[in-house]
Structures are given as C-alpha cells and as structure tokens.
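In what follows, subunit A forms one complex with subunit B and a second complex with subunit C.
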Partner chain A sequence: MKLRAERAEFAEAVSWATRTVGARVTLPALSGVLIDAADGRMTCRATDLEVAAEVSIPVQIDEPGKVLLPGRLLSQLVARFPDAPVELSGDADRVEIRCGRATFHVRGMPVGDFPALPEPAEDAAQGIVKADAFSRLVAQVARAASSDEARPVLTGVKLEATGGRIVAAATDSYRLAVRELAWDADVEGEALVPARALQEAAKASSEAGGSITLVLEAGQVSFLFGDRRLTTRLIEGSFPNYSQLLPEGFETSVIVERAALVEALQRVAVVAMGQANTPVTLSFEDGSVDLSAGNQEIGDAAEALPAEIDGDGMAIAFNPAFLLAGLEATGTDRIRIELRDALKPAVLKPQHDPSEDGGTTSTDDFTYLLMPMRVS
Partner chain B sequence: MRIEVAEPILHADMDAFYASVEQRDDPALRGRPVIVGGAGSRGVVAAASYEARRFGIHSAMPSVRARRLCPDLVVVPPRFDVYREVSSQVMGVFRSFTPLVEPLSLDEAFLDVRGAVRLFGPPLDIAGRIRARVRDETGLPCSIGVGPSKFIAKLLSGKAKPDGVRLLRADEVAATIRPLPVSDLWGAGPRTVERLTDYGFRTIGQVADADRRTLARIVGEALGGQLHRLANGVDDRSVTPHEPAKSVSAEETFADDIDDPDELDRHLLRLAEKVGRRLRASGHAGRTVHLKVRFASFETVTRSATLAQPTDRTHDLIDVARDLYAGLRLERARVRLLGVGVSNLTEGEAARQLALDVDQRWEDVERVADRVAERFDGVGVSYAALLDVAEDPGWYSGDDVRRLAGEDGREP
Partner chain C sequence: MRLLVARCSATYEGRLSSTLSSAVRLVMVKADGCVAIHADVGAYKPVNWMNAPNTLTEGDGEWVVTNPKGERLVITLEEVFEDVAYELDTDRGLTLDGVEKELQELLAEHPDQLEDGLACVQREFRTDLGPVDLLCRDPDGQAVAVEIKRIGEIDGVEQLSRYLERMERDPLLTPVRGIFAATTIKPQARVLAESRGIRCAVVDLDRLRGAEDTNLRLF
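Let's turn to the complex of A and B:
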C-alpha cells in the first residue's frame, strides 16, 4: 500500500473514528483502525462490535491496500504531526508513516482479525433530518436513559418513525423524556438505540452540520453525515409502553420562568447534593413557588419566586438532579408544570408564548415526566 | 431556657462486666480470680475480675496464659443471653436520666445529660445517682467519667475504675491531659503509639504542640488530624442516641444440602421476602443487595450489586438476588447455606424516589401483605411459589394468595 494524504484531513479522519468508538476494547483487533486505500479514497474504520464508525477522505493512491494500525497510537501521532502531507506505505505488519522530516514505523495487526462491519442495505428505509435539530433532540432525551446495565432496555432511546414524524423517548423508570420531530421522510419503523451511541451520533452530527440521514434496519441503525457513517447495534427487548405512563389530565398547572427556577433550584440544591436521597420540595401557592431543601448534616435552604398557578396549591418533592435535567432539556424561556398530587408524576413542558414563537408552528413537542420523591 | 453545662458528657462503663455478673450470680466466685472465656487450648479471656487482674491477666489474653499466671484461676464459660439482659436493664437506667444515650457495647455508653441538670442536679450528682441506681437494680458496680467531651469522659471512666467516678472541669482539660501518655489518646492503638514513640512523641502535650502535617505523615491524614484535635482538647462529636442499622439480612442453613435449582430459588425468594419485610417494618430502604452462598464443601462466596435507588421492595430484592445467583453460573452445586442482605441503608420513609414502573402496584401489594402478617401474627400473604416450602408453616395457602402473585412469584 502506498498513499499520500492531506495532514488535517488525515488527522481528523483517524481521530474521529477512534474517538467515536471509544476505548472499550475487548479484543486486540478492536483497538485498531482499519485503513483501506482504494479508488482514490482512504477509508478509516473502527468498531467495538456495538458501534462502528467509518469515515472516508480523498487521497492520492500509488498502490491500493489495507492495514490495521493501533488506533490510539496512530491518533496520538497524527495529532503531533507537522503541517505537511502524510505518506503511508509498506506492508500490513510494518507500516511506514512519513510526515515532513519525521518517519515512523508502526507494527500493524493482521487485517483479517478486524471484524467485517455491518453496512446499511442499499434499499433500507431512510429519512433526512437537520443535523442541529437531531443533536438537540438527542440532548433533550438521552439523559433520561438509565446507566444501569442490569436493565438493558432502559439504557436505550426508543426511536419511532411514523407519519412524517420521528419520536424519541427514554426513561430510567424515574423520569421519562419524549420528543417529537418532523422529518422529511415517509418512513415507518422503530429502533431501540443505545443512548451512548446516539450521543456519539449527535456529537458527530453537530460537528458535521447540514443534514443527516438515518437508516433504520432490523437489528441496527445507521447515521450518515456526508463522508462519515456511524452504525450501531440495537438493544434487544421491548421498551416500556410509555404512552400509557403519560397522565391524561392534571389538577394544577404552573407557568414559571425557566432560568429563574433553574438558578433557585441550583442554589437550594446545594444542601441536598452529595446526598442522593435529599429531595427539594416545591410548594406552589398564591402566585409563588417556594423551594426548600434540608439536610441534617449540612443545613437547610429556601427560596421563593413568582409563578402563574392555576388550580389548588400543592407541595411536591423531587430529586433535584432529575428536576434540573428536565428544566435544562425543556429549553423555552418559560415552562409549564402540570401536577396531580404529591405522589403522582409531574409533567414538564415547554411554554410557547406567542411572542417568542417566531412564526413556527411548534406545539407541545417535548414532554418530561418526573416521578416525585415521597417525604414523610 | 437552658442551663449552660460545661461538662455535660458522661461515659459509664460497667466494671469487669461479664466477670461481675458471674460473681453476682454465684457467691462461690466472689473474692476469687475469675475469668469469663473459652477454657480450651485456644480460648481467650473475654473478661477478668479485678482479683484476676492483680495477676496481670487482662481481656484478649489466651486463657492458657492466664492460667499460667494464676494457677487458682476460675474459668467460667460466657452466658451472653444473661449479659444482654443485664445490659438492657443498665441502659434502661441510663435512659431514665436522659434520652441521649449512645451505647458503645453491652457494658458501656455515652450520655449527654445537659437536659437533665434542671431535674437531677449537676452532672457529677447525676453520675452518683446513676451508679447507685445501677447497683440497686442489678447489683453490679460501674464507673463513670464526667467531662466536656466524649474523649475526656471516656478517659476519666478508665481512671475512675473500679467502682468510682471522676470529673474534669472544661477549663482544666488542656493542662491535665498534657502530661498523659499518647496511649491515652482515643484512636491511638498499639501500632500508632509505637509509631508516635519512634518519632519521639510520648505525651499528649507533645502531640498537641506538633505540626499537624507532621502527624499526618506519621500516622496518616485522618488519624493525624483526629489525634491533633483530641490532644488539644477539641472533640465536638455529639452523643448520638440511635445508631442506625447498617444492614438487614437473613440467612438459612439447610438441614440437608440442596442442589435443586427450583428449591434454591424458593428459598432465595423467602429470604428476600423476609429481608424486605424487615426493611419495611423498620422504615429503611437499601441500595446494595448481597447474596451469600455456602457450599457443601464450606466454601463460601458472596456477591453484591448496588442499585441506582434504595429499595425496600421484595420484588426488587429478589430480582437482584436471582441475578447474583445466576451470575455464579452454578450447575447443580450442593448448597448448605443461602443468605440475602441489604446494606447502604437510608431511612425508607424519609425520602424515597418513586418509580414510574408499570409494576408500581407491587409496593402496595407488599404493604398490604405486611399489614396482614402483622395483624395475624405470622400468618400472611406471600408469593405463591412459597406455598409448598414445607418447612415454613407460617403461610396461609388460600385462593387470595394465588390471585395476588403468579405461580412463579413473578408478574401475574
């Protein structure tokens, strides 16, 4: 193999592939980046058997071929290369890398050990979404997924495509985040995507910009961003039927400034943090929301801010970290909180005021359902 | 209005507790050197009477050596049930003076009496009354130290022994403790004392004057800081009446070793249920679930898993216990003992994150079952899978039970 590549492109390709797949190496070959030079392009591939990343860049090829090089070593090298073209040459087990006046010889691994990566089928259903909308959707939903590997289905984000919309949902059984997005495709399908892989895809899509293509297939989903592709295996098992968890109505609704509530919550929660079980209590009454938290070892805190309250007053306690995540995900200047009673889930929604709607027809497209804490 | 008390902390310590109880109950032992402990070749002294101590005998010494020191020694096997009973009598006396009683073991406790001075007089008087009451009600001697802090009170009860009481005024603490040996510092065990001595620290005063970082280098960060504070008479630890439970567990040794996986699963379920009920009864919930398995070979393995949120639900406990058991990948191993436990406890009712789970109703089922068990004294509602566990006669086997839980104890 012999090829010549532009340094910045080469470095970016190698580091993206290794970074996206991460460092959970179970087999030696999985620590490698497969470099495949053919047809005027160099393709870098990396995988941990769950997620596969592939990126291709145009290069000048004198002799096509494949090598499997240690990923971390290679990305550390290229990050320090001087600004000069990169040349790769040699056999699979001894690769020479030259850049400017520097020469490296790296021992490659057997190319045959690298697993064949699943590729999306040509005729698979695909749809296109705007990259920024997609990464925002993931940011809003994926944090609600569980990190507890004991319940694999809850570590995933459920994607459902139907009738020109895509719905993403995640829950760790304490909260549930659901987001809808219009998408430019008449695709029907669903997938339970590992939250970690989806977050990588979101990161890659916000770096790439423009629009991304989602390919939904049995057992895997692929995200295509120009010359890059990320394919992830899906989680097996059935995601809870979350629509039946969403309450029908509410007793009390509250509209409050989001930033003010976030700041007050962060202050009050200082006495609750570090103690996973210390709740922050919110009392809604007489046009005000009173936040309070107490911890025998540290002390207590209270703060009040104005709110528009419709319905009976009530008090409800939450894990401050869960509430904060919900407020951050909701995004609008003002948010709406719907409550039933102190032991039933609360619903957070964006409050779209006519003035800030800016002509878009956004509806209640994000829902954050949060179970309270029971305090005696 | 509260009276300021400068020396509110008492440390009450029974004198040679086990040995005194034995001498009380057997007049023939009075005035004689007695130890309570194992008599065999590997026995150890659990307690020594003051007569025995005169021969240089002390607790934790091998019984064989004690006998060599005192050929007339009487060795008495321990009767822990009796000691426990006497202990609760003694603690009852303490609690009749103040609710702030922190037991350290069966025979010693800290008391904070600042709320009792109005009723019973100054702490030294209270100490006298307590000693008299303990002697009246149990016939046993105890010694009490009175001081401004736990450290000083404990130090003084040791100096007051046997059958005495000592007070050190708060403003005299610093000067009084300075000449004492470093071994009198709380937390300074033999190894620590040796290290301190190696570096030339022999008195508490020298430790008090030392640079804190030097101490930290010699005995470690945490202990160094603690010793430095104590040596300077600083000890703000409060008397905490209720030591919260650290774990709840249940285990069972089988009459015959079991290798049938279904039978083992039923025992696991029953243990999980027992632990869950105890958690709910005490208002606790825990995050870490433990499984203990002892095989016929006596080899014992323990496994644990930590949940994201504390639980007191049998349903959660059995899920985790089953996973842990499955993780052992046993194939018809012969099991002698099974145990299920929960640690990492928090007050269950204090604040609990509720779950969105569709199977939320398990919680209600379990609470109802607990109430039934409480009211009908053991006869209760349980998992149907347990109905044929023969050695547990407590279960009511009716149709209601089958309706509450599926045949295998999982979701109906």
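Let's turn to the complex of A and C:
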C-alpha cells in the first residue's frame, strides 16, 4: 500500500474512526483501525462490536492495499504531526508513516482478524433529520436511560418512526423521557438503540452539523454524516409500553422559572446529594414553591421561590438528581409541572410563552415523567 | 468458659521464649482446655495462649500450663479482680448467610428478574451430575438452566457448563441455554461464560427481597 493524504483530513479521519476504540478490548484486532486504500479514497474503520465507525476521504493512492494499525497509537501520532502531507506505505505487518521530517514504523496487525463490519443495505428505509435537532433530542432523552446492565432493554433509547415523525423514549423505571421530532421521511420503523451508541452518534452529529441520515434496519441502525457513518447493533427485547404510563389529566399545575428552580434545587440538594435516597421535598402552596431537604447526619436546607399554581396545594418529594436532569432536559425559560398526588408520577413539560419566538417549537413536545419518592 | 480479670505477668517457654510484664489482662480458660491471655485491643488474637491439649495447674498466685510438646506457660497472678465461669452452648458453627438459598427461592418466584418472560419450571432440577438450581422456560419455550451463586466465579461457570452438557442429551430439554446468576460476577467468570454462550445476570438481592425502596417506580 502507498498513499498520500492531507494532514488535517487524515488526522480528522483517524480520530473520527478511533472513537469506538476502547481502552480494554477482548480481541486485539478491536484495538485497531483498518485503513483501506482503494479507488482514490482512504477508508478508516473501527469497531467495539457494538458500534462500528467508518469514514472515507479522498487521497492520492499510488498502490492500493489494506493495513490494520493500533488505533490509540495512530491517533496519538496524528495529533502531534507537523503541518505537512502524510504518507503511508509498506505492507500489512510493517507500515511506514512519514509526515514532514518525521518517520514512524508501526507494526500492523493481521488484516484478516478485523471483523466484517455491518453495512446498511442499499434499499433500507432512511430519513433525514437536522443534526442540531437530533443531538438535542438525544441530550434530552438518553440521560433517562438506565445504566444497569441487569435489564438491557432499559439501557436503550426507543426510536419509533411513524407518519413523518420520530419519537425517542428512554426510561430507567424511575423516570421516562419522551421527545418527538419531525423527520423528512415517510418511514415506518422502530429500533431500540443502546443509549451510549446514540450519545456517540449525537456527538458526531453536532460535530458534523448540517443534516444526518438515519437508516433503520432489522438488528441495526446507521447514522450517516456525509462520508462518515456510525452503525450500531440494536438491543433485543421489548421496551416497556410507555404510552400507558403517561397520565391523563392532573390535579395541580405549576409554572415556574426553570433557571431559578434549578439553582434553588442545586443549593438545597447539597445536603441531600451524596446520601443515597435523600429526597428533596417541593411544597406548592399560595403562589410559592418551597424546597426542603435534610438528613440527620449533615443538616437541612430550605428555599422558596415564586410559582404560578393552579389547583390545590401539594407537597411531593423527588430524587434531586432525577429532578435536576429533567429540569435541564426541558430547556425552556419556564417549565410546567403537572401533579396528581404525592405518590403518583409528576410530569415536566416545557412552557411556551407568547413572548418567546417561534424558534423554540422544536422543544414543545418533550415530556419528562418522574416518579416521586416516598417520605416517611 | 472461665474468665479471669487480673493483674498478671506471664512467661512462655517452648518453641521460643517470651515474657509479658505486669498488667491488667483477661485470661480465658475454655472448656476444651485452651488458655488465652487477652489485652484490651485486637479482635481475636490473644497476646499469649496455649492450645489444647494441655494441663493447667493452679498454684498459689501462679498458674502453670504445660503440654505434651514440652511448652510451658506460667501466669503469675498479682491481683484477681474477677473470676467467673459460665457454661456456654456447644458451638453451632458459623453460618454464612444462606444467600444462595435465598437467591434461589427469590429467583424461582421472580424469574422475570433474570430475563423478561422467563418462567420457572423446577427448582433443584436433577441431572446425573447434581442438581441445577433452576430449570426455566423462556417465552419461546426453550429450556434455560440457571446456576445461582452469591459471587460468580469461574468454578460456577464450569459447574453450569457440565450441567448444560448433560441436559443437552435429554431430548425433552435440548436445546438448553444457560444463565449464570450472581450478585456480583467476576470479570474472568463473565468472559468464560460469554465465550460458552452462557448469559450472565447480575441480580440485586435487596431489590429481589423487595426491600422498601423509597424511590417509587413507574413500572
């Protein structure tokens, strides 16, 4: 193999592909990035067997070929390359990399050990979403997914595409986040995507900008960003039927400044955080929400802030970390909290005020359902 | 069990020589003849002791403990503050909590905690090589053998592999797949299990027990 590439493009391709290369791998080949030079393009591939990354850039090829190089080493090297074209040459077990006056010889791994990567089928259903809207959707929803591997289905984000919309939902059984997004395709399909893979795709999409293409297939989903692609396997199993969890109606609704509530919650929660199962209690009464938390070992804290309350007064306790995550995900200046009683789930929604411009409509269909904590 | 709290000094001669200078200590004489001198620190190790069998000779202000190996412990009692004796129950042995048994009972009741839709057919299902903890069926009707451990280590995986190999020969069961369930699973055991196609399930005992979780759940 012999090829010549621009440093910036080469470095970006390598660092993009090596995102899936983990520190601890079960197969040596998984620590590698496969570089395939053919037809005027260099393709870099890497995988951790869950997520596969692929990127292709135009390069000058004198001799086509394939090499499997250690990913971490290669990304460390390219990060320090001088600003000069990069030349790769040699065969599979000894590759010479030259950049400016620097020369490296890197031992390659057997190309045959690298697993065949899944590729989306040509005729698979696909749709286009805006990159910023997609990464925002993931940021809002994925954090509600569980990290407990004991129930794999809860570590995923459910994507459902129907009638020009895509709905993303995640739950760890304590809370549920649901978000809808318009998408430019008349595609019907569903996928249970590992939350970690989806977060990786969101990161890639916010870097790439523009729009991204989602390809939904049986067993896998692919995210296409121009010449780059991430393909992830899906989680098997059935995701809880969350639509039946969303309550109809409420007894009390509260509208409150989100930033003020976040700040007050963070202050009050200092005495609760770090102590497992210490709730923060919110009392809604007479135009005010009173936050309080405490435990016998540390002390207690209280803070009040104004709120528009419609309905009977009520006190309800939450896990402060889960409440905070919901407030942060909701996004608008003011938020709406819908309550039924102290042991039934509360609903957090964005509150759109007429004064806000139309640009925020992309957040209007976010729902964060949060189970309260029982206080003795 | 005889307990003596006394200001005492002691000398030991045997495999080596040692002396304890005068101080207030606890001397225990156990029913089997063991003699131990305890100071006011440490959980279990006496400052000096003599295992049974031995002979205790109580002299005037001096106890001499000798054994057939020629070891000799002399305790000089300067002032005795307490000298009591109690009949203790014969030792029932240390019971390491029956976590595995409890896990087996709980998982037999809630097999869905191992995998959605799993149903328990039998506990202690007998194979030629011994009983496998749970025999289950998944929603597709496939037989699933479950081996339950408190700590999941390689031995447990080997054990389950042997059961699976035997169960595969039973035409009513085959094909059988395995689930290795434990409260924690060692990385090596996980690698071995997964390389043999055995699924690992980490179970939370407290959650199984239904210990009151103040975090309410949606489902």
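Note that the second predicted complex is superposed on the first by the 364 of 376 C-alpha atoms of A that agree within 3 Å, B and C clash if a C-alpha of one lies under 4 Å from a C-alpha of the other, contacts with A are read in each partner's own complex, and residues count from 1 in each chain.
Heads up, the rule we're going with is that a contact is a pair of C-beta atoms (placed from the backbone, for glycine too) under 8 Å apart; a residue touches a chain by one contact, two chains touch by 3 or more.
All values derive from a computational prediction rather than experimental measurement.
Applying the stated clash criterion after superposition on subunit A shows that subunit B and subunit C collide.
When the shared chain is aligned, subunit B and subunit C each come close enough to touch A:V375.
Contact with neither subunit B nor subunit C is seen for A:R336 once the two complexes are overlaid on the shared chain.
After overlaying the two complexes on the shared chain, residue contacts for A:G237 are found with subunit C alone; subunit B is out of touch. Applying the stated contact rule after C-alpha superposition, one finds that A:S146 touches subunit B and leaves subunit C untouched. Touch criterion met: A:L176 reaches subunit B and subunit C at once. In the overlay built on the shared chain, the residue A:N319 is in contact with subunit B and with subunit C.
Clashing C-alpha atoms with subunit C after superposition occur in a single stretch of subunit B, namely 308-316 (options considered: 308-316, 380-388 or 398-406).
In the superposition on chain A, the residues of subunit A contacting both subunit B and subunit C are 150, 171, 173-176, 240, 245, 277, 279, 319, 343, 345, 369, 371-376. By the touch rule above, subunit A contacts subunit C in their complex via residues 26, 149-150, 153, 171, 173-176, 237-238, 240, 245, 277, 279, 319, 343, 345, 369, 371-376.
Interface residues of subunit C facing subunit A in the complex, by the touch rule stated above, are 113, 116, 191, 201-204, 212-219. Considering their complex, residues 146-148, 150, 171-176, 240-241, 244-245, 276-279, 317, 319, 322, 343, 345, 369, 371-376 of subunit A touch subunit B.
Only residues 305, 307-310, 320, 323, 346, 349-358 of subunit B touch subunit A when the two sit together in their complex.
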